[in-house]
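A, B, C, D, E and F are the chain letters, set down in written order, and residue numbers restart from 1 in every chain.
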Amino acid sequence: MDGLTAAEQREFESRMQKKQMKEFMGMFSHLVSHCFDSCVDDFTTKSLIQRETGCVSRCVKKFMAGSERISQRFQEGQTQMMAQPPPGR
Amino acid sequence: MFGGFGRPQPSSAEKIAAAEAEMDLVTDMFNKLQQACMKKCIPREYREGELNKGEGVCIDRCAAKFFDVQMKVSELLQQEAQAKGAGGGMGFGGM
Amino acid sequence: MDGLTAAEQREFESRMQKKQMKEFMGMFSHLVSHCFDSCVDDFTTKSLIQRETGCVSRCVKKFMAGSERISQRFQEGQTQMMAQPPPGR
Amino acid sequence: MFGGFGRPQPSSAEKIAAAEAEMDLVTDMFNKLQQACMKKCIPREYREGELNKGEGVCIDRCAAKFFDVQMKVSELLQQEAQAKGAGGGMGFGGM
Amino acid sequence: MDGLTAAEQREFESRMQKKQMKEFMGMFSHLVSHCFDSCVDDFTTKSLIQRETGCVSRCVKKFMAGSERISQRFQEGQTQMMAQPPPGR
Amino acid sequence: MFGGFGRPQPSSAEKIAAAEAEMDLVTDMFNKLQQACMKKCIPREYREGELNKGEGVCIDRCAAKFFDVQMKVSELLQQEAQAKGAGGGMGFGGM
């Protein structure tokens, strides 16, 4: 982002921060919703039963591990696509 | 609410932004809870318009369990953040 | 929201109003889409048949009832979570 | 369009906000209709790239029925609002 | 949009342009995601196999054709709904 | 990045808007990729918390294929745009 004044730069960074916070929140609510949907199916009790609690823990753990791996592949992919311009331009 | 930023005097604009962000998260969680519990508790045949007793009880328990999961996920993310040495960070339990 | 000037307070309220309107619209389009998906499956006619119309009415009614119940539980849950600070802070 | 607010002179900012909100709703409904009718009318195997005759007719009827549902839901929400004494409110039928 | 000053008009148009760009991007990412989900199921290779590439092409083509047809119906529907005011107003 | 607008000197506001739009698209594609590959590669039973070897390899290949699809769809949309005589337009491949 060249050619921006210092004030514009600050404004831009502040917006990016807001976006990141929003992203993080979206990830959180997605994770809650996904692990709930995958793990909870017993509605004869009103507290999580042991099986469900364990499943949620493994779900979060696996999601984080998978997400990290995907992030790495995604960054590599982005870099690669930057390097070779799209056809027809 | 979203404490722990370690900054003593947030400006008005920052306060407004934080309040908005919080409201967005609350809204989002409500929508997710609603979708999750409608899916789990209400059959899609719609043979009747009333919420019958079984469905109502299911929703109550479903909501309670959804909050448990929310709390649990929040705890786990905090542990992860601490394990990585990220220190403070934000909690979601007290949203 | 303490410490805001009257103008900031107004700005904040106006944004919240916009968000609520957006929320309401999102609820509406979700409801249309959900009840359509659940109730309409006959594409040999171009107007709703009686069975479908009845299903849509019941779908909306039940959704509103369920939504109200979920709102109550959600508000109680929020209040409770406010009361007990999250662990580790 | 979103009449019935009971305010005589909306400011320019309010007019713009209302027009934006309306455009957002129209866009959202279009996306929902598209997703719904693609799901109902187009098999996911993609054995051919053309829209065949049956699929085209299905889409036409699906869209017509989607609008019917939209109108119906709008009516029901208005009845509900009136029953609760909320009075005026907004209609969605004439979106 | 009557009664706007020239500056307001420009501001409005600029926002609409941003929305359209956002819409287009949303359509693109939806299309990628939908055709990927429908067509790719073999993870023994790391490049698309012929069957998958063909499926993606047909998926995009059919989506564009379906989308165009839906657009036409949607515009007609909007016009019609404008013409008849909703009941109860 | 989103070149080809045919305008020589974008203002700062335009630059910021373009950078934001681009970041939104990158974020959106990441989320779509994540959802797609989690769904394809990770069974929802969660019998263990670790990502096992098969799942890891599946994710790598899934991500590579997702990029292929992204490139392919971008190409097809550009061909379509050119066939319609829309000329320049935007490419998505070099996102």
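The definition used in the following text is that a residue touches a chain if its C-beta (ideal position, glycine included) is under 8 Å from a C-beta of that chain, and two chains touch if they have at least 3 such contacts.
If you're wondering where the values come from, they're calculated on a predicted model, not measured in any experiment.
Interface comparison, C-D versus D-E: the higher number of contacting C-beta pairs is recorded for D-E.
Distance between chain A and chain B, defined via averaged C-alpha coordinates, is recorded as 16 Å. Separating the centre of chain D from that of chain F, both taken as means of CA atoms, is a distance of 29 Å. We define each chain's centre as the mean of its Cα atoms; on that basis chain A and chain D are separated by 30 Å. Across the assembly, chain E contributes residues 26, 35, 39, 57, 61 that each touch 2 or more other chains.
With touch defined as above, residues shared between interfaces to two or more other chains in chain F number as follows: 24, 41, 60, 64, 74, 92.
Each chain touches its two ring neighbours, and walking from chain A in the direction of chain B yields A, B, C, D, E, F. Put simply, chain B touches chain A in their complex at residues 17, 21, 24-25, 28-29, 32, 35-36, 39-41, 57-58, 60-62, 64-66, 68-70, 72-74, 76-77, 80, 92. Those residues of chain B lying in contact with chain C across their complex are 3-4, 12, 15-16, 19-20, 23-24, 26-27, 30-31, 33-34, 37-38, 41-42, 44-51, 55-56, 59-60, 63-64, 67, 71, 74-75, 78-79, 82, 91-95. Residues 1, 3-5, 8, 11-12, 15-16, 19, 23, 26, 35, 38-39, 55, 57-59, 61-63, 65-67, 69-71, 73-74, 77-78, 80-82, 84-89 of chain A are the ones that touch chain F when the two sit in their complex. By the touch criterion given at the top, residues 18, 21-22, 25-26, 28-29, 31-33, 35-37, 39-41, 43-48, 52-53, 56-57, 60-61, 64 of chain C touch chain D in their complex.
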